[in-house]
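Note that the chains take the letters A, B, C and D in the order they are written out, and that residue 1 is the start of every chain.
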């Protein structure tokens, strides 16, 4: 099978497997991590192109529903990133988020979405390099983990 | 347990108007089902044993029950905790309910919400989580992610989305549940894999730090989905990671909705 | 007489599966018995009442009714072919078979529902005579019987003290099935076991007469006080057929789904503007009782309840249609309703 | 129920299943009031158009949809006398209406219908007609009004009382102006107290109060009332007091529907399905149902 015909959804499963690259959805806060990503860009740092960034005002706004939706719609992994403790633009959004994720990730792990597919980080506006490194790291780890199991109950299947 | 005393108390409450309704249990064809007693002379039908698993605190969200306040509830310790938690979440006041306390094979008499809180802390401060459930949680945790995924695939495939779990839970009191909201539609309402997964995840998570492990949801599930595995897993994490057991302190902050500066962040890069 | 050893139900299922049937049987699944598709792994259980009803296989809890390919703001309609494999409902309860009259009627009384009909036409119904009943069974109060063959294409009759089954074809579909099952069956004679004794608990005519006069009654509030507003009763009921239509989409595809719904849910009748003609659980529970015992009889000359008792077995609040009807009949004796 | 009001709905084209709609193209869209929009819809397939208008009688409804968002029930707001296209008017209320609102001219929607019964206007020839509508409930009567006006000679006096919360909430403003101009239509407009503007020339007051004040004569007159439940609740007694017989007073029930064809089970009032036996009912019929929540 040629490269051209192996676009997602067009090829056989084997071809998809061969040409598979991780699809990672990153939910980031506007004030720190998004600014950090911006800095990585303006500093022309190279990092893996596998992450779709979704910017929100604050990690405190990231509902567990967002993560479920990302997995449902085909993400291989999800990254959540915000301001370092003490740096939240809204004082405590990241503290709330930290506790929420501490519990929610347990639930996901327990039901089969393990820690190789769920990432959390603090990246400040000044940490362009950390952002680039993080994305590379995460991409590599997800690559190791392989495609998200299509039989996982979280994943939407074709309608029959 | 002094069942007779409970019946007398229930009758007296209705008689002297301290309660307009007593929700307890009655026997029906060998089963224990909720009973609604509005007249003192019906109080004799009340019964109680350990198979009375329904959490009658769930009725406190019903407008038809609220309109009959004050309501007296036959409550075991896990149900008492639900009541204290409802008070902590501003859903109840001391004037709304009275408790006919039962526990450890004893009848504790008529209690106010404040007395209930005290009784819980004095006598039921250390309620052991269900050992069988904890063991099953550990068994599943020992599985590979793929095995866990398969286990829950099979379980959630049974879900018909009847929402009996939600209805049976006293803490599910949202006027409009997230699953009933469609702008945007976060959770598919079709009884299929992804919608069932999202629904069961969100239901469990919305109860994180709020579940007293009463078991009413699992008992309510017609399809036999082991919902308590999810609830007890989160309850265990709440205990272990944040040192909290909800339902003992009507002044407590919600577990999710509060934080400590030294909360665990080992998982954060 | 076509006979089968009682221990060989599994073999019958296998023979039918090999003959190309999707074989639906009551089977053990963890601690629950439910109707499920037979595979060599399942354990058939005819001794316990299945939690779901046979309607699951004719009116699935979620079914695609329409489908579109999305092209930006445009769309192209795609074909929808209902997945309707040749199916046998084997060893289901007679009350499940009886319920098919209700479903056949509602899905065809005016407009014909091709999706339901496709499932229905592909289905052969083989109930098993009940030799045991529990406290929630009341088929005999609503025109059924533990050995009723209403809606059946063939009957399975326990015989010779539970050691054998007699397979008795009743329709062409039943004959075809008996033929497909021939290798699992033997010819011979056996004495059918007596059906279960199910006492008559109330008279639906009496109940209806009261209902027709008592749309407004304090009893509704009292009867519905226990209701927590879930859909457990409706979703396990063999005749409940209410549904919701919901769209779902991804970037390239939209589907329109028919999902089960229940008149017990508060949002079921709520208008977009917020007005709700059934504003409380009393009104919703009243609709449920009225629908089964007054509206459907009035409209379609059949009863909307087959007395299977599932609603009572699954209700987390301990409510039961049987109890409601018995209570209503008591009430009607207190203050006799006008002859209708 | 007279035979003439029984459902005449038939599927509008041979389809694989009864829930599958036909496509329609947005030919025009108009902003009627804040959050109220009218779509003019053309049938891309001539055969669909012909089938629709063979079946369609005034008062029937349809399900308008956008794939991926869902379907919504509205009446057909245009009369069967105008057969090149149909119109619907709706208020933004949720996911489907938002998707319909966002459809632009040239884009498609889905449609199935016509469903339900209709106003028996053939029985009304030579009689006077009084239309009473409130707010967003003018569309079901607008189709009747135009049906009557397009066959003006066949009917007697036409009077319209239309009210809305505010001047901005009045729908079909240009048509109201047209009716105002016509000698053969008697139009009274009103807005709720506080809803008037400085240049408002109509009445100020709630519909039931204005109706009482106008005191139309019931002789040989059919009354049609559409509006929010609260308006209907207070208008019907006024009509009764003025002497309009319940058998000659018509309204529509707007219960929630999903299937539109008597299966999904949510629109019933007693043993009647609003989608099959309605949406048009006489007040006499409503009074016979203890079940109607008005």
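We take it that a contact is a pair of C-beta atoms (placed from the backbone, for glycine too) under 8 Å apart; a residue touches a chain by one contact, two chains touch by 3 or more.
All of these numbers come straight from a predicted model, not from anything done at the bench.
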| item | value |
| --- | --- |
| Higher-contact pair (C-beta pairs counted), B-C versus B-D | B-C |
| Whole-Å gap separating chain B and chain C, where each centre is the average of the chain's CA atoms | 31 |
| Computed distance of Cα centres, chain D from chain B, in Å | 48 |
| Averaged-CA centre spacing for the pair chain D and chain C, given as whole angstrom | 38 |
| CA centroid of chain A to CA centroid of chain B, Å | 34 |
| Numbers and ranges of chain C residues touching at least 2 other chains | 244, 246, 248, 257 |
| Residues within chain B bordering two or more other chains | 182, 185, 188, 192 |
| Touching two or more other chains - residue numbers and ranges from chain D | 94 |
| Contact pairs between chains, per stated definition | A-B, A-C, B-C, B-D, C-D |
| Contact footprint of chain D on chain B as seen in their complex | 182-185 |
| In the complex, chain B residues that touch chain C | 26, 28-31, 33-34, 36, 38, 54, 58-59, 62-65, 158, 160-164, 166-168, 176, 180, 182, 185, 188-192, 216, 219-220, 222-224 |
| List of chain A residues in touch with chain B within their complex | 64-65, 68-69, 72, 85, 92, 95-96, 98-116, 119-122, 134, 137, 149, 151-157 |
| Touching residues (chain side chain C, partner chain B) in the complex | 29-32, 34, 51-52, 61-62, 134-136, 221-222, 224-226, 228-232, 234-236, 244, 246, 248, 257, 259-260, 262, 265, 267, 280-282, 314, 316-318, 320, 323 |
| Interface residues, chain B side, partner chain A - complex | 137, 140-141, 145-146, 148-153, 156-157, 178, 186-188, 192-194, 196-198, 201-202, 204-205, 208-209, 229-230, 233-234, 237-238, 241-242, 255-261, 263-265, 267-269 |
